[in-house]
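Have a look at this one.
Note that the chains are named A, B, C and D in the order they appear, and that numbering of residues resets to 1 at the start of each chain.
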Amino acid sequence: MRPRDGTPIPEPEPIGPSHLLPPADVGFATAGGVTSRSPWELFRRRFRRHRLALVSLGVLIGLCIVCFGAPFFAPYARDHQDLTLGAVGPSWHHWFGTDELGRDELTRLLYAGQISLEIGLAVAALSTLVGVVIGAIAGFVGKATDQMLMRVTDLFLVLPALAVLALALEKFGHDSFTIIWVLAALFWMYVARVVRAQVLVIREQEFVEAARASGATGPWIVVRHVLPNCVGPIVVNATLAVAAAIVAESSLSFLGFGVQLPATSWGRMISDAEGYVGTSHAYLLYFPGLAILLTVLAVNFLGDGLRDAFDPTSEPA
Amino acid sequence: MSSPSVAPDAKPARSDSAMLEVQDLVKDFPIRSGLRRGTRGRVSAVAGVSFTVPRGQTFALVGESGCGKSTTARLVLRLVPATSGTVHVDGVDVLRAAPADLRRLRSRMQIVYQDPYASLNPRLSAGAIVADPLRVHGRFKADGPARVRALFERVGLDPVDVHRYPHEFSGGQRQRIGIARALALEPDLLVLDEPVSALDVSIQAGVLNLLDELQRTRNLTYLLIAHDLAAVRQLADLVGVMYLGKLVERGPADRLYNEPQHPYTQALLSAVPVPDPPVERRRRRILLEGDLPSPTAPPSGCRFRTRCWRAQPICAEREPPLESHTREHRVACFFPGPDPAR
Amino acid sequence: MLSYVGRRVLYSIPVILVASFLTFAFVRATFDPTAKLRQSRTAASAIREERQHLGLNEPLVEQYGTWLGRFVRGDWGTSERTHEAVSAQIGRALWNTTQLIVWSVLLSAMAAVAIGVYSALRQYSVLDYTFTGLSFLGLALPAFWFGLIAIEFLAVGPKQWFHLSQPPLFFVGLHSTSGGVVDYLRHLVLPVLTLTVGIVAGWSRFQRASMLDIMSSDYIRTARAKGVPRRRVVLRHGLRNALVPLVTVMALDIGALFGGLIITEKIFSVPGMGKLFFDSLLAGDATTLTAWLVVTAAFIVAFNLLADLAYSWLDPRVRVA
Amino acid sequence: MNAPRWLRGAVAVALGGVCASLVVTPSLADPGRSAPRASTGGQIVIGAEQEPDCADWIDACAGESWGLWTMQEETMPRVFDVVRRDGRWVYSPSILMAASPSLSTVNGAQVVTYQINPQAVWSDGVPITSADFAYTWDQVAHGADIFDRTGYDQIASVNDTDPHTAVVTFSTPFAGWHQLFGADYGVFPSHILAGHDRDDAMKDGYSWSGGPFKIQAWDKGIDVILVPNPRYWGPKPRSSSVTFKFLTDTAAEFQAFQGGEVDAIYPAPEPEAVDAVKAGLTDADSVVNTDTGNIEALWMNNAAFPFDSVAVRQAVAYAIDRNAIVRLLFGSLGVTTATNSLNPPILAPYSDQQAFAGYHLDLAKVTQLMTSDGWQKSGGIWQKGGRPAAFSIQSTAGDKRRELTEQVLQAQLHQAGFAVTIQNTDANTLFGTVLPAGTFQMGLYAEVVTDLDPGLCTVLCSQNIPGPANGNSGENWTRTSIPTLDPLLETVDTNTNDAARVNASKAADRIIAAQQVTLPLDPLPNLAIWSKRIHGVDGDNPVYAMFWNLSQWQVH
């Protein structure tokens, strides 16, 4: 994934034209000598090996707890203003300082985290769902359906993402609900392509043919035989989509298409502090940026760990 | 080598109750290329194959890889659509059956695959794999687990292992899982697609014995796909030899093994080692020259002529029909005859 | 090969057409090209005239047809914001954006290949871990934040700490009034750095993976076994083959950059495509926006095409498939 | 290194590219645009937070303040300057005039006579004559796609028989005649433009001039470079060139100044700039001017719930601590009290600057007004007939100062029992769609006055409510309709007797305040910041900004 300017879009593998997709991780568990009981167990073992991913998971869970539990953890009440105080740097009373309205920056950061994480998680869930359904249908049904769905996917990929996002938000307004579905509408193609490529390989496997031979219908085969074998790439993709969505949302906020005040997100907080570069209030710029950095870094490490854990070709412990 | 399966009293040999009847089966694959992706040509994978398998018997389809035998197996099960021809299973037209009928039909014919690794879903436990066909047909119900365990026992697996996953089994065990899955729906016809060729020789016999035993106890009909004649000798009642999508010789196993008429059959048989050392030493091995011709442009006339030592000009002009040699033994050759080397 | 190229090119045309229609319809649905007139104190008749001129009373498909006809003939309309020919506006913006892209891509490609190859050859070395860590950091850094921090610490900060008359690096536009080469480079460093950080992180990870893949392949082992010198194996067999997938990914990414520098250009006041989009969006300049979206989509399609062609050229197996 | 040939090739190409572009770089800029070096005054670089969309000043695409400041006032001759005299801003005849323009009545018609300075010439040496006045009037009154025809459409004729005297006759009286041929448009050269498409000739910049500077190059998106006009008949510019560098917004503008990329900025009074002035700028001077033409106000939609009730409008005014907001935003600049008139400070002579002084934070008064209007508090929010006193504030997205204001307002109003949501959109949508359509309840935006004539009729007279009669082009977006107010504001617009205007205007102010039509919030001070390198900056001008004496600036 390259969550960078302009392409704030998950690219779990560098995705080329569909024929370039590496079929590498579609081999099936053939690891000899493993005495574990199930693929899930195998997965857990491999994942536990990944210290950094474990730490990242902890960090993310911690972030979710403090952000969504902000009413309990935040040192001050939400949106509590102290106009006479104004913006002052970090102190014992305000660890991260206060903003222009004398609002505690840490409190704000936690509530902003709610929105950033909420958008990240919701976009990942929604785009993964849509992508899996479309990718599975395209890959499994094939022929004209596949052609049509893939052309639609191409079409979505051809549009410059950030620009279309901004345009869409201009049209549909920018509450967090709209941001979520607009982002999801521009994120699903990556999952769809990965799932389709996987399905194309898996549906040629003999066990799928065996299921057909026993009279199983398409939906049964997809749900019971095909999708369980795509779980790895799907989960990895969904994970990275969380990070990409958070970055995309913050980019949009930075351009002025973020959530409406007084609600705020990390991206919006950076945007609000843009002008303080080179002034004594530059601290307002640091903390939300570090929050995004920490979250995205943790999500990426987690995704990396998951990728290894799901990859049957990685050597066993 | 005496084969127990050819004993006439072991099975009812009533040809009137044909379990599987295949008529003029054809499968063409189009070749696409060019700017407009138009059809450039066709590959005739199966070019008019006919045979009949009586109930309770084994028909072995033998040929080099790429000759179309596996395609034939899948055509019979309608896993790939046929271009033309008919397939009747117990009198029911498989290729034209309505979806609902096909579903019912499929519970009566099952397949066992060559590759015991690729044919088992790695994400399902062995028990779930065996139970899957039952669930598909809504026959799992309350006694499902017991039935699965019984199936495990029937194929020689420990029922305790139902919770284990495919990667935890050996190749032979896996193949038994595949057989148990195929048996779950209590089919009448089993298609065995090279069921032992991926296994170690030491394990092969066990699996073959199991299949033999199952056939006798359950009166199963087998369509057995194999790439060499020796492997199927134990099971086969009838044998068909395929070359480039066509049957070149077909007949009862003992006749075909003892009096092969087609040069290709003779070549295949010559590759089979004979257990009697003096015979083996006397034996002249027929080495086929050249490669298998491309199925996109099969040779004119007899398809085997390019590699045949008996080929005459007529072989290039006309295609030899599959004609009676003796009553049930048919050969597609203008110059059939016994192998001079034997 | 020719037929392959032809087919790919032909396939791109409907994609662009459908994309342009959707874009056109979406922009029309979002913006009223006469909104600007209403803002100024012009009479209603002016708005009516403008509607007539733009054919806003015709059915959408017909409007699109007219627009497309003009567009392919090079008449991209007149910006409602600046009354300037849209083609001239976009041409100017493209030139500035292209400068950023060329430098960033050149720099990123060299760095990514070097890092990728080094990391693959010295897998699990200290430097490999360092590069891996840095690339994760690079991937996680939001570009706009990095840009602002870079301005703070590399331009404004040093200027203030050391009481310089000028910052060491510039961050406004691409050159000063009386700019020379040095001035140009001082303007380029920060935006190019901001862009490069993300790109290098992605590309070097990719290059490392593909190099590792190649180096463990049979033919490399064969070459090593035959006694071919290591350097020769690495460069001639390894790198050459490992570059194939990277070139493809690069082409795809570059295509997306033409419409993707909105934030970088905003931060560094570079009058490129991104800033043009942003200004046009805020002004509701429908004519410019439509042309802008179609042009950037065309760049993505063209570079996708280029990626395909490069891939098939570098890896002849694809042509057969 | 034994690199393969293709790799060597690639490296060579890359290096070649680097070298080539280094060589090419100087030519990135137009060959003619590198400013002349031989000069004593040096080169001045100024940051502009907005780029004018076009330089055809009378066209609809112009009209932004930065157009006036960057190019128009330096190149277009005008009849009046705005200067400070006796503590107030007044019109003063410019260097273009030989005498003060005279107002008279001939045959009952208003007539203004302009005596043109015979020394005044365009940059090509051709004298500026009454024909130019006639041309300008014709273009504004009869051209297509004109930004604003106010006043010019009331001119019946311009007599240009005497090249040095332009006699302008009005068809209907126009009290604001001082604005004409002034700050908004200036005078256009007929000998250059007549017979050509004016818009085409001017929109991308023009090389002629009737001011101290001429435009050397306008590199769109990057900068515009001004160089002295050698034929200027007034004081010659001291600098060799002035560059206005276009930056994206106030934040970027301020960064650029902090980073030393520009020598002077004239930022909107956004928090970061205010903050820096408060913190004390190093090596820089600044001027804060509160006597400006800009005020920020809360504009209430008098036709929409809940502001269709006078009591609610008044209650809202009592619920807000306006002084606290002003102190928050500009306290550090010494500005601590709210604006109390809808006429900004430069119109003080025409207004009751204390009209709204009675409205201050008073929650008891809120309760009294609301209960008497039939509202009851439930759950801390006022309710009437089952509807809560809930409304949204709309403003321009991305404006830091307004966003802060909104959030303070939201908190204050919530205390008083009003549920407020914030709903910002971009300026284009707000001013182009939302406000004209009346689909808003409360708007937060500025009133900007660029001349010294009062003129609230445009935004408060009932006939200017957008509707079929005015082709939906009216600008009374608050839908204010007060029968007693209309005649007073019309008098202000049409009566050429200054005393009568003052009386009418002050009376109108009091009615507006009593009805609490809408609420003025804070004065928007002008902020001029310049580096100590620059000499000659002489404070701010409410119309011509800090650039009013740009020709006298020089680099130390």
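Simple rule for what comes next: a residue touches a chain if its C-beta (ideal position, glycine included) is under 8 Å from a C-beta of that chain, and two chains touch if they have at least 3 such contacts.
All of these numbers come straight from a predicted model, not from anything done at the bench.
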Two candidates, C-D and A-D; the one with more touching C-beta pairs is C-D
Chain of greatest Cα-centre distance to chain D: B
Chain C and chain D: spacing of chain centres that average the CA atoms, whole Å: 37
Counting in whole Å, what is the centre-to-centre distance of chain B and chain D, each centre being its mean C-alpha position? 89
Cα centre of chain A to Cα centre of chain D, whole Å, reads 44
From the mean C-alpha coordinate of chain A to that of chain B, what's the distance rounded to whole Å? 49
Where in chain D do residues touch two or more of the other chains? 255, 258-259, 426, 429
Would you pick out the residues of chain A that each touch at least 2 other chains? 170, 274, 277-278
Touching two or more other chains, which residues of chain C qualify? 151, 156, 160, 266, 278, 281
Footprint of chain C on chain D - complex, ascending: 1-4, 6-7, 14, 17-18, 21-22, 25-26, 28-29, 33-35, 37, 43, 45, 47, 53-54, 56, 59-61, 63, 144-150, 199, 203-204, 220-223, 225, 241, 243, 245-248, 252, 255-256, 258-262, 282-283, 426-429, 431-433, 436, 470-473, 475, 533
Give every residue of chain D touching chain A within the complex, in rising order. 250-251, 254-255, 258-259, 270-273, 275-276, 279, 324, 327-328, 397-398, 400, 403-404, 406-408, 410-411, 421-424, 426, 429
Within the complex, which stretch of chain A touches chain C? 1-7, 11, 14-17, 19-20, 24, 151, 154-155, 157-164, 166-168, 170-171, 243, 247, 250-251, 254-255, 267, 270, 274, 277-278, 282, 285-286, 289, 292-293, 296-297, 300-301, 304
Going by the contact rule set out above, which residues of chain C touch chain A in the complex? 15-16, 18-19, 22-23, 26-27, 29-30, 136-137, 139-145, 148-149, 151-152, 156-157, 160, 194-195, 197-199, 201-202, 206, 213, 245, 248-249, 252-253, 256-264, 266, 274, 277-278, 281, 289, 292-293, 296-297, 300-301, 304, 307-308, 311, 318, 321
Flag every residue of chain B that touches chain A in the complex, lowest number first. 74, 77, 79, 102-104, 106-107, 109-111, 113, 115, 117-125, 129, 132-133, 136-137, 163-165, 167-168, 178, 181, 184-185
